[in-house]
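Two complexes follow with chain A in common, the first pairing it with chain B and the second with chain C.
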Partner chain A sequence: MINYILSILLIFLISPFLTGLIKSFKMYMLFKKPLSPFQPYIDFMKLIKKEVIYSKEASIISRISPFLILAPIIVVVFLLPPIYKGSYYISFMDAFTITGLLSLSTFFLMLLGLDSASSFGGIGSSREAFISALVEPAMILTIFAVSLMAKSIGLGSAAINLATHFPTHHAASFILAGIAFFILLIAENGRIPVDNPETHLELTMVHEAMILDTTGANLALIETAGALKFGVFATLFATLFLPFGANLCWCLAVTVFILKLILISLVVGWIEINTAKLRLFKVPNLLGIAMIFGFLSLVTFYIVGV
Partner chain B sequence: MFSFNPLSVLFLFLILLGVIPNLFYMSGYLNHIKRKTHFLINYFTFIISMIGVVLSNEVLVFLFFWELMSLTSWQLILTEAKEENVKAARFYFFMTHFGFVFILLFFLLLSGDSLFSDFESFKQTANNFKYPSLLFFLITIGFLSKAGVVPLHVWLPYAHPAAPSPVSALMSGVMLKVAIYAFLKFLFIFNHWPIEWGVIILVLGALSALVGVLYALSEHDIKALLANHSVENIGIILIAFGVAMIFMTLNMPTLSAFAFIAGVYHTFNHMSFKALLFMSAGSVLYETHTKNIEKYGGLIKNMPITAFMFLIAAISISALPPTNGFLSEWMIFQSMLSSSGIDNLALKLSFPFAIFALALTGGLAIACFVKAFGITFLGLHRSTNAKHAKEVNRLMQIGQILMSVVVISLMLFFPFIIKLINSSLPIENIYSKLFPTIWTMHSISNNGAVSPIYLLGALIIVSALILIYYKSLKIKERIYHTWACGYNTNVKSQYSATGFAGPIRRFFAWLYKPEIHTQTQTLAGHKTKFSTSMYEVHVKPLFEKSLYDGVKKLINLITLFVYRLSHFEKERYIVLIFNLIILVLFSFRVFYHEISWGNILLEMVVMAIFIKILIIGDKK
Partner chain C sequence: MIDVLIGFFLATLITQAFTTRLFRLILWYALNSLFLGLIAFYEGININDDEMKIMGIVTIAVKFFAIPYILKYFFAKFNIPRSIKPITSIQYLVIIIPIILVFTFYLITPLLNNFAHHSNYIAIAISSLMLSLLLMIEHKNIAAKIIGFLDIENSLFLLGISATDGMPMLIEIGIFVDLLMLIVIINILFKHQGEAQ
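And then the complex of A and B:
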């Protein structure tokens, strides 16, 4: 139990670092003077001291949605698979619940965008609705494929099954599902080919547009939710699609896990440097690739047989 | 005459759950209606007829109540006799009787010599019937056209919004479920379902789900939007039934029972949240006097209770945890995941497509309800009517609150609901497998598990902890203008429903086919290079355009032909009769002996020659 709480704490604490790391890695690669990767923590401490400004058009939704955006993601963190062997995990919730909770968070984020009557919020919500509607099928298909390979839809037991008996004869469908999931990781967290988290240009904004009218502590909560969401996806990728290292002793396992998270962040950063943001109507093509890979993964799994 | 068998009692329970909050709501709504006696008589007859359909156990009684249900709902659509309502009512009247013909045929084939034979005797007749697929098609078309399944759904988005809101809530919430009940009841009289039946139902379900949600997204009339969502949810229910039928045929009774429970549970859930949505939308309509979603906006400040009820129902229908809508969709996903145990590879490979359809439907439903809630209740008031809206009267509020209690209790007490459903259907008892403890539901295979109560508890605790932390920060608050990058926010600049659905509408342009009118501008009678184009966003449903208008054209052609025939000379008539006799003879052979495609082909060629030579004659 204590292991469980410690690993949850680890994910809570490391998530803002990962988003900070991506940013400083990108700046470093672009020959800028990099920010400290710990900048998100500094931002958080700064934001919670500021006063909160509500728009005069805003309703109660603006006041409650920061909580409802953050709360489902925090619950998801508690449902993640174990980082190392023997650690406790929650077995009475499965992968569908996790996608559902992430959608719940997005639902309130989109309402928040529409609440302040600003056209930017509307732009953001509309685009987010479009993207997340197309993410959903790819996500479900990938989850199906993984759960078939791991012989369990519960994430905890799936990760353990993959780590202990890796299905070598399903390697092809495993890789396909992995690629699909990585595209989803990028799309769901608003990283570059789908959304640019750094600019405030009308043409490129999705996530930033929705929270344009949020300030102070509310913004801190939403930023935390964003960072945690990245942490959740990175953890899922690390435990399900890079299923090694979990059987080592706990100190080594945790080190390997952190290295995997850093690796994922660096890859995401690397992709961000090397690609341009896609036009909104090109995004379905990218998500289409994820869907097709999800399909292919299932099909190869069925054809290869058990 | 009547029987209280478990299935009937289950659906009686559903009807009562849907009707009781509606009574309160209706009494609040009543002063909005001009022809009160006409409305009340039809309203109560409508409710009684639905109960009658569910409880009846004889052919004639069933048909009587079924027809009464159709006629009273038809009259209820006509409560406000506006031009478009009359049109909708006519369409509804036609479609419901189109379905009725098939139901009648089904009963005539099975009832033997007495119209008072009860449904128990159907079992034997049905299972001895030579072409059970014919019976299946009759009940599919007959009952599912009433339930609004693609492609027989076109009447639904016209008819349901045209009725007064309490009636829309009843029609979408309860009447469609009566059709589902009838379909289920007569499905279970067969001992064996061929595999194709399940596949057909699965395909119909997947199509309805996608088509329903896509048309809902492009809709601006809030009640038509909700009506299109009924098509979607009926599709989801049918996906579950299709999966269940496939599993049953493949001899996996446990999985089949799971999928059937999922479908019936979704039937309950859809009743609750769709009725609540129609009530809330009706309250908005009651205050603002318009159904156009672009004329709302900012209503959460004027009508907080209505807005909150709409939000609960919207979260539930979008299948977000921990609501009841999520639970039933979770069960359907789990049962589809169990398809990996099927031996037949081709069948197994077709399941991912159904999963894809259901998941895409879920994603689009979220988008649609963000639009419906966000544009209606958030932002600035888009019209003076919306500005002057007040919270609706107490009775209507009570109706909505009672219905939301139904929504929430379907979530909180779901083990009991599922136990009730399981014991009412003629399927294997799997309750103890699903609920080893009462708190968590387990799926049959794959180690899936979900626990809405834990989830709800966790969400509440986490939110409360964040709130306590937030309060401890003692943050100052200020209210100021919306930051719009230097511009003022006004009604025109905030996002509209059309704009919100824009990306999705553009991506699915092949389905919507919006009309583009381009006009070249003229200057003093001369053409210029400049052109203005007008995009007509109102999308006519593809099915209506292709299928229904096509049928209309075909019927016109045939009637024209018949009209021309009736002006022929005597010899042609004789020839016509001769041809008909041949047709009857041939079809007699086909129906009562073994079918041989060679014979049919030959006969068709003979018929064609006769028609060519004798009726049409040689060209001059």
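And then the complex of A and C:
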């Protein structure tokens, strides 16, 4: 039980570091003077002290939605697969629950964007709805393929099955599912080919447009939710698609896990500096590719045989 | 290990079908050939066949380094347009590619019993043959058609590795020399396309 609490605390604490790391890695690669990777913590401490201002048109939604954006993601963190063997985990939750909880968080984010009655918020909400509607089918296909390979629909037991006896004859199918999930990781977290998290340019912003009117402590909560969401996806990728190192003793296993998270962040940062942002109406193509890879993974699974 | 490599082989091939930039297409082709060479090398280690190991190394040298480099040189020389729009839009490709894969796997099922091991490799090799054909069909641009042709060659090589235990080395070397000659001859076609614009 104490292991479980500690691993959850680890994910909570490391998530802002990962987003900060992506940013400083990008700045380093573009020959700028890099920010400290711990900048998100400093921003959080600064924002949490500031006064909260609501716009005149704002209703009760603006007051409650920062908490409702953060809460489902916190619940998801408690349902993640164990990061080392022997740790306690919640076995009765499957991946569809996690998808649903993340959608709930996105739903309140969209409501927040609409509630401030500025035109940017509306634009941002409609774009977010467009993208997250396309993410769902690919996500379900991918997760279904992984569950088939791991012979368990529950997320925790799937990760343990993959770590203990990896299905080597399904490796092709596994790789394809991994690629699909990585595209989804980028799309869901609003990283560069889909959305640029750093600009405030009206044509391109999706996530920033919705939170343009939030201030102070609310903004701190929403930024934390974004960082945690990246942490959740990175943990899922590290435990399901890089299933090694979990059988070592706990100190080594945690080190390997943190290294895997850092590796994922660096890969995401490396993709960001090498690609241009897609036009909004080309985003379905990218997610279509994810869908094909998910489908292909299923087909290959059935061809190779159970 | 070969399962992992064959997954990457198929993944790079599918990504080629969606690419709209010419040099990116060459990059994916080069990666595809790299994975093919590694497959041949590991298969050579598995069945302890020196010829196949050499074939793997030659594949990497020729198809991963030489052919992409020569192609890039010619593309730059004849000012081939960099943007290669597929005729079929990507929305339809999302439907067409899974249909092709499922259909090929369905088609190949009666044959699979004839092969004791590697039956899935044969299915993947034949479906990648179909995907390369799709790559040739969906582009008007001659450069993309040539990459599609080279992909067909790659899939045939994969089929040769998995269905038989490797063809005689002389034939394989002959095919490589053929390919290099073909790439040189193809630049006549490039010249025409360059003049047309």
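Note that the second predicted complex is superposed on the first by the 306 of 306 C-alpha atoms of A that agree within 3 Å, B and C clash if a C-alpha of one lies under 4 Å from a C-alpha of the other, contacts with A are read in each partner's own complex, and residues count from 1 in each chain.
Simple rule for what comes next: a contact is a pair of C-beta atoms (placed from the backbone, for glycine too) under 8 Å apart; a residue touches a chain by one contact, two chains touch by 3 or more.
From a predicted model like this one, the values you see are computed outputs, not experimental measurements.
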First (chain B), second (chain C), both or neither touched by A:S55: first
Partner chain(s) touched by A:L266 [first = chain B, second = chain C, both, neither]: neither
Chain B versus chain C as contact partner of A:N285, first or second or both or neither: second
Greater residue coverage of chain A in the superposed arrangement, chain B or chain C: B
Which of chain B and chain C A:F92 touches, first, second, both or neither: first
Chain B versus chain C as contact partner of A:M27, first or second or both or neither: neither
Touching partner for A:L35 - first (chain B), second (chain C), both, neither: neither
Which of chain B and chain C A:A171 touches, first, second, both or neither: second
Chain B versus chain C as contact partner of A:V299, first or second or both or neither: both
Shared contact residues on chain A - chain B and chain C: 284, 291, 295, 299, 303
Chain B residues touching chain A - in the complex, by the definition given at the top: 298, 300-301, 304, 315, 318-321, 326, 330, 333-334, 337, 340, 345, 348-349, 352, 355-356, 358-360, 362-364, 366-367, 370-371, 373-375, 377-380, 439-440, 443, 446-451, 454-455, 458-459, 462-463, 466-467, 470, 473, 475-485, 489, 493-495, 499-504, 506-507
Chain C to chain A touching residues, read off their complex: 1, 3-4, 6-8, 10-11, 14-15, 18, 90-91, 93-94, 97-98, 101-102, 105, 120, 123-124
Chain A residues touching chain B - in the complex, by the definition given at the top: 48-61, 67-68, 70-72, 74-75, 78, 91-94, 96-97, 100-101, 103-104, 106-107, 110-111, 113-123, 125-127, 129-130, 132-137, 139-141, 144, 147-148, 151-154, 157, 212-213, 216-217, 221, 280-281, 284, 291, 295, 298-299, 302-303
Residue ranges of chain A in contact with chain C within the complex: 168-176, 179, 284-285, 288-289, 291-293, 295-296, 299-300, 303-304
